[in-house]
Amino acid sequence: MRHFTRIADLDVTGVAAILDEALAWKKHPPGAHLAGKLLGMVFFNPSLRTRASFEAAMLRGGGNAIVLEVGSGVWKLEDRKGAVMDGDRPEHIREAIPVLGRYVDALAVRTFGALQDDAADAADPVMHVFRELAGVPVISMESAREHPCQGLADLLTVRENFGDTRKLPVTLIWAPHIKPLPKAVPHSFLLTAAAAGCEVRIAHPPGFELHPEVLAEARLYASQSGGSVAVTHQQQAALAGSCVVYAKAWGPATKNAPGGEAAARVAAHKDWLITGKTLAMAAKDAIFLHCLPVRRNLEVADEVLDGPQSRVIDEAENRFHVQRVLLHKLMNGAVC
Amino acid sequence: MRHFTRIADLDVTGVAAILDEALAWKKHPPGAHLAGKLLGMVFFNPSLRTRASFEAAMLRGGGNAIVLEVGSGVWKLEDRKGAVMDGDRPEHIREAIPVLGRYVDALAVRTFGALQDDAADAADPVMHVFRELAGVPVISMESAREHPCQGLADLLTVRENFGDTRKLPVTLIWAPHIKPLPKAVPHSFLLTAAAAGCEVRIAHPPGFELHPEVLAEARLYASQSGGSVAVTHQQQAALAGSCVVYAKAWGPATKNAPGGEAAARVAAHKDWLITGKTLAMAAKDAIFLHCLPVRRNLEVADEVLDGPQSRVIDEAENRFHVQRVLLHKLMNGAVC
Amino acid sequence: MRHFTRIADLDVTGVAAILDEALAWKKHPPGAHLAGKLLGMVFFNPSLRTRASFEAAMLRGGGNAIVLEVGSGVWKLEDRKGAVMDGDRPEHIREAIPVLGRYVDALAVRTFGALQDDAADAADPVMHVFRELAGVPVISMESAREHPCQGLADLLTVRENFGDTRKLPVTLIWAPHIKPLPKAVPHSFLLTAAAAGCEVRIAHPPGFELHPEVLAEARLYASQSGGSVAVTHQQQAALAGSCVVYAKAWGPATKNAPGGEAAARVAAHKDWLITGKTLAMAAKDAIFLHCLPVRRNLEVADEVLDGPQSRVIDEAENRFHVQRVLLHKLMNGAVC
């Protein structure tokens, strides 16, 4: 594995190997496995868990991290090829990326889509330039198309609670939001759960389809892992007997957003707010997951987040555990 | 001591113990006493000394720190319980705090009051949620009610200059400002000086009273330490024979601010600008203290800050010395 | 060498010594030569290479760095002497600088000129106060007048490509931009190249003169090193037979800017855009340098930046190599 910016960099066997090692390291943490290593972290978008968990993984492993926030302290970056740069972005990523690659042992990147056009976002152009020009391993901290470290942390949490993930019914359920959000997180939960052999059920209102290429990729993984992928617009059908309720607000990109204005959109999907009643449709011992940040009482009711079935804090902690394994693989050239 | 967010976490004996150890460590610095330790620093408000001195304390002790600025790089955080989160704050502190607590060994927090309502600020709600949900020790980098690391640094500076602090006359004197400021710093100087046995005199114009609960707490400490607390509106009475002139602009919260508009407020209290004449009312060998930042020639004249009686740079340095002792107690579970 | 904020802190012999050592260390990196050392980095202006390369130099040397961005997370700083501080800047550099000096082993500073008045910028007042009040060594990360670490990185790149720099023809050529830019970078390339014995040719349109004191200083170094300095408004004359094409947009300060508005200024100097044709006027094996960030197709055409003669990424990497030598000299008191 040269880079890790998508589940395809691991495939079905690789996903299992990372989860095995992360479980083992969570119980018996490694020593200074990253001594002398330096990670460059480039943020085009805000973060809390991602930044803190990556920095913690480097520092607790005996390494170090440099944090760069594009447009705040760091020059704004242009990414359009061939641009005449007479606007407000004084530097091009075609210089910034290879320069940073000279100072560090790996680059971690967060770059959201522009949310203007689903196809453009799914093409993930900025992440491709990082892979092409960095000169060192690149790890995704979420891009327009995927958030693969989140997907692995999600499945680690499932593994901790249920042991074997094969044939386990898990439900990815859409939640309302005041604005369109990227599809990277639902994409990565879908891909990782499919690779881990889960029976994945996706429920969302019409018009909020995940990207067809990602669905096809997930179905390929499911065919290899013994899992399955099903999509429905019915909450009840998706939740019955399910062991994991994974809530997330997503897309679509604004230009073709159904519903229009924020309040109207929320009102139109009021019955998709995740409440105790939603949870009650799932299996009795089902766990509740959300990648965070979550808008309380808009996406998910307090009673769910503060209730006994929630595992969202464990899930966030697991970001740290999967990332230290991934950083080890990438920075120490360990076979994966 | 599980957390340190207020002088009450130490009490009279504890204050003396921290100052003793900080004085000793300033002369003979410890080695890598924080090796392997990671501090999460969460800023809701700007900082200079606080940030640099905490990071320096961690790094010079062989540990590390992660710095998170809420609303800049990190998601804006909601703190209202039960809120329907449809505004501009995408994450709630009820998730953010326990998540961060999973990555680090202790959390340091800076959170100012909203300055709309004195009673609300004194209740210090954000700091209480940190204490409740962090899962690791919490240390205050200033909150709406107190700035206890500042209070300890202030008293360390007094100890360095005068040795014994018992019965030492010290004066906390109000200074003008273009806007209302939090009362955390005067509260903490008052509480710490009272706990250290000083004869504390407070001088301010009518309408700028410190919080009655804090005054009562200071009087309790004074009764235990042999000190005293007196409040006056007369500069001369407060300064005569005093060994320490501690200047600070403070409150009250805007809603009930007397005077109204900035320029008018400054003009109305012109005679409270701290000048060489003010200093001349105190004892001949009196030292001048201010927590910084200070607005030159608005709060305090150049002649005082640049004069031989000023100890403001030493005072700022002492932040580092008291904090390394406090971090040691909190992160290594040392008895305090 | 107590501070390093200008080429004059090194002089002709010192420049050669730093370049020799940087070349040697680039091949055989030192171990933990900065163990236990802490650098305070103060940014009044944005950065990418500077911040990442300085942090990398400290961390790879076994030391640490604290990054402070003035006005973002850190209080805005006043620098006018005697100011009545009733505006939006709550802290004065006369407190901020000595306080930070108490926490760290050296201070690194980036402070651009105000670009209102060439003479005021060349006087470099903020950097002078740092030198006066820091109490620890100060290193420039670019100031209003010079960017000496950039100059050394530039010349290291020239040394790597051509070996001996004495009598080597090198051309500093002006490029168009939508706004006036500081002259620190051209000043430092000029001073360092002259100190290294190059035959320096400068080409710019009328009205974009470099500072006369800096030109005089460069001529003095040239007289000591065997180099020379020539200024022309003719690209062809400056480029014929030259081994280095160093492009940069600069000044003058706005008040006396010729041309006025952005688009008009660019249009008026269209023929100064650096293209393949410009490069073809120089020697056949000439290398292309630019300090970055560069506005593609406004200052320099894609064909130059992406072509085989460009060394801009090596040049940026060399910031790291010269800075680790400089930090070693300053923080370990090594003789220079």
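A, B and C are the chain letters, set down in written order, and residue numbers restart from 1 in every chain.
As a convention for this text, a contact is a pair of C-beta atoms (placed from the backbone, for glycine too) under 8 Å apart; a residue touches a chain by one contact, two chains touch by 3 or more.
Model, not experiment: these values are computed from the prediction.
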item: Copies chain B and chain C touch via same or different residues, half shared test; value: different
item: Relative orientation of copies chain A and chain C, as a Cα rotation angle in degrees, nearest 5; value: 120
item: Separation of chain B from chain C, taking each centre as the mean of its C-alpha atoms, in whole Å; value: 40
item: For chain C, residues contacting two or more additional chains; value: 72
item: Residue numbers on chain A that touch chain B, as the complex places them; value: 43, 46-49, 51-53, 55-56, 59-60, 69, 72, 178, 262, 266, 292-298, 302, 305-306, 312-313, 316-317, 320
item: Chain A to chain C touching residues, read off their complex; value: 36, 38, 40, 64, 66, 68, 72-75, 78, 82-86, 90-92, 94-96, 98-100, 102-104
